[in-house]
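Structure provided below as structure tokens; questions to follow.
A, B and C label the chains in the order they appear, each numbered from 1.
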Amino acid sequence: MQEIEKTLRSRCAELINNGTCDKVIAWDRGEFFYDNSPATFACADCAQKLVYDCFCGANLSKYLIQYAKEGKTAVLLKPCDTYSFNQLLTEHRISRENIYVIGVGCDGMVDIDKIRAMGIKGITAVKEDGEDLVVSTLYGEKTVKKADCLLEKCVSCKSKKHYVFDELIPEADGEDVKENGRFDMVEKLEAMTAEERFEFWQEQLSKCIRCNACRNACPACTCRKCVFDNPHSGVASKANADSFEEKMFHIVRAFHVAGRCTDCGECSRVCPQNIPLHLLNRKFIKEINEFYGEYQAGETADQRGPLVNYTTEDAEPTAVSDRGDN
Amino acid sequence: MAEEHICTCHANDYIDPLLPQAAVVTNVRTDTPDVKTFRVVGKDGGICFDHMPGQCAMLTLPGVGEAMFSITSSPTNTEYKEFSIKRCGVLTDALHAMEEGQEIGIRGPYGKPFPVETAFKGQNLLFIAGGIGIAPLRSVINYVRDNRQNYGHVDVLYGSRSANDLVDYKEMCDEWMKEEDFNVYLTIDREQEGWDGHVGFVPAYLKELAFKPDCTAIICGPPIMIKFVLAALIEMGFSKTQVYTTLELKMKCGVGKCGRCNIGSKYVCKDGPVFRCDEIEELPNEY
Amino acid sequence: MKKLAVKDLNKFFDAISADQLLYMPLEKGGSVNYGIYSRGDKYDPTVLHTVKSVKDVFFPQCESMASFVTAGKKFEVAPIAPVDQSFTVFGVRACDVRGMEALDKVFLSDPVDSYYAARRAHGTVISVACSAPEETCFCTAFGIDPTNPGADIQAVIAGEDILFSANTEKGIALLDKVADLLSDTDDSAADDAKASIKEILNKLPLADIDLSAWGEGKTEELFDRPEWDELCKSCLGCGTCTYVCPTCQCYDIRDYKVGDKTTRYRCWDSCMYSDFTMAAHGTNRPDKKQRFRQRFMHKLVYFPDRYGMFSCVGCGRCVAKCPVSMNIVKVIKAMGGKNNG
């Protein structure tokens, strides 16, 4: 990763200097080693400060809506982020000609909460050492396997291949990950009785604090005025007035991004209560695959999603009841 | 400024100051195409609570919501309270759809009033209002009319988009214009058939009228009007300590706690809405 | 000072909760938040922070204030009375105790918020010293001593024991109630535990954060600083920081209508939300920068101006939870101060 970071810094400085772009959207160092923030770098010297390590989980594509309106913007996209980028292009939220995409290689991003959940406290630094992470803490040093601490979206990574880019760093691109187990947990939930499943979601969704982090981070949630913020909608609210509302918010959101969600996993990554929100979206993806054939939102920028593309072969509404779901 | 107001309206029961009491709309008057004036009386026939000019009240329509409105009637009116309300959102749409006899929720009074019993006493007064900005000033003006001996000469300069948009036009013609030592100047933005009065924006008319800075000016209107009127007044020799205005921001609690009308260390609902212009200068330049 | 074996804590909880509600940090669905204790629930002393602070107990995220019953043109208000039963809160950390002081300034100032005041009056708070502070902690920068967390009763875990000392009448009364379970111990019994916590406190990476650029009267200096433009860029405009914050007290009042019955409730609100100041005629904070600036200026300048204290307590929740790690520490440091390089 350190090699990539070095190359990225000099290449971004070069791109600013030669006028390819006037700014780069990348990640900036935080207070510690795990809290990188998305940031814009608008000069060659500033670009020397950009960071690329295993704590760059944030998907930068959504920032382009606001910050790539003017001038030419370069952006660093991991393979999974490129789907979001394509989807934003499809929905005309960003203009391809304003943006220079640097596809960055990724071998999985780390979830600091998973390290904390191992009982490791007071983390002041994390260093990658081959397949291990060396974690410095206020209470001494610990070594953990990186594979045990990956973000949920990386555990079930669907591709190491960039679906859109102007250049790649490093130059060799990765491959799709065929056996990614993305739907394992969805299948487990499907196998539950309706009561068990309800209990699972009740427990999870009742933790929701309606902070809207999932919505605001989601690259598919790009409505100018969200229905939940719109006083005219009749459903605007900032708290879950009852247990129906706490579910309604997430279910409405999942329906709204169905067919457009690229499964980038940001919703679950940003949730302060660690609600596995991505499972709702994956259920939709799985259903779409079953009823309409394999479909990956954001694989290209010019495809029509099955839910917005009527064909005479479309599944009938009775298909669900015919299947005999509980 | 007047003493800080302490809410005593619910002193005798445990109802939180955030909860409204039920009141009845006894009269609805259509002032302009988008302004109606509502007369509100407590369910027991009283005025719900006492107030001073410039203070506000929260009005509730159940299921629709609640918002802050300035009280248009003068405290000297002991029969009812009046609210002149411009239709511009979800709640005001619903309020405009009300008929006489409709019961609503009311709580208040909120905010610091105009210093009618202190700084304004014995002063000549110049009221400058634009559009629905007349609503809070009407309370002061009628208070001054009912305590005429306490104040000097009064000038009212009021402007609106058109003649049809002049709120309280009838009261101005029938009552204000007949007061002694009391001048009313009206203006509308654009020429209009049947209007033989002044045409032009309020700040320009203000300069034309060339008031001497021997009075206290009280401004209320859209922010852009306030800005230019204030500049004109300074140009005319007024000092900022002679000028009062009211700020309007989104409010929910009315008691300086919910946070939304916060500007710097002030809460407009509690520390305002009335501010002397030199006090506004101490606030951050945008909110 | 009173002593109880940590392994007997559940007896203590059972005794307290026999005739009143006991709130404490409880795990649910993988996250720890304040919840109501029921027999058998486990307290995990290794969890430093709940996701939502103790604010949620005294000023709940969502609380009903009244129901409105309408029939035709008629309208009745049926107020929902504030809490009138005693309750206890266990496991509050020193930062959250200070957070309650900030909330007191707001809700107990005239006019008193009767819902909050009733909870404060009926609630007995047992704080617990922080055995293992996290790297995100910077409460000491605000003069907070996590080994002496204050509140009605303060507890320190020392080896196998938990040691209680009462600070108030309410605290003495509660310890009396469970006196059977407790034994007397020397006041110095907690000293070793406190000393080892203090050793860690000295190593906290954020402890020496310099707040000198902030505080009363700094509005003019800070309001137009160019740093705001960059700082706000990564902010998602979500409410995470405000909702996990022990002192953020902004709220909304809303109606929830089902048929003829309307419930008026209030709920936490966030100055980070684009509709926070949205009035029918528009908003005075149309840009993210203005909203972002408002939150930090309010905590670190306006609140000190008005109430004489910072409304940040250094709990580090926003540091740990901000989805893009754009937190108050970065903002404090960005505006200067000699240790903040």
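In this section, a residue touches a chain if its C-beta (ideal position, glycine included) is under 8 Å from a C-beta of that chain, and two chains touch if they have at least 3 such contacts.
All values reported here derive from a predicted model rather than from experimental measurement.
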Which of A-B and A-C has more C-beta contact pairs: A-C
Per Cα centroids, the chain farthest from subunit A: B
Middle chain, criterion being Cα centroid separation: C
Distance from subunit C to subunit B - Cα centre to Cα centre, in angstrom: 39
Computed distance of Cα centres, subunit C from subunit A, in Å: 30
Distance from the mean Cα position of subunit B to that of subunit A, given in whole angstrom: 50
Where subunit A touches two or more other chains, by residue: 231
Shared-contact residues (touching 2 or more other chains) in subunit C: 252, 254, 269, 278
For subunit B, residues contacting two or more additional chains: 65, 89-90
Interfacial residue positions of subunit A with respect to subunit B in the complex: 231-232
In the complex, subunit B residues that touch subunit C: 6-7, 14-22, 60, 62-67, 88-92, 99, 101-105, 248-250, 252-253, 255-262, 264-265, 284-287
Residues of subunit C that touch subunit A when the two form their complex: 28-31, 33, 46, 48, 51-52, 61-62, 132-135, 200, 203-206, 230, 233-234, 236-240, 242-244, 252, 254, 256, 263, 265, 267-270, 273-275, 278, 319, 321, 323-327, 329-330
Subunit B contact footprint on subunit C (complex, rising order): 65-66, 68, 70, 73-77, 79, 81-82, 106-107, 109-111, 113-115, 219, 223-224, 249-255, 257, 262, 264, 266, 269, 271, 276-281, 283-285, 290, 294, 297-298, 301-302, 305-306
Subunit B to subunit A touching residues, read off their complex: 65, 89-90
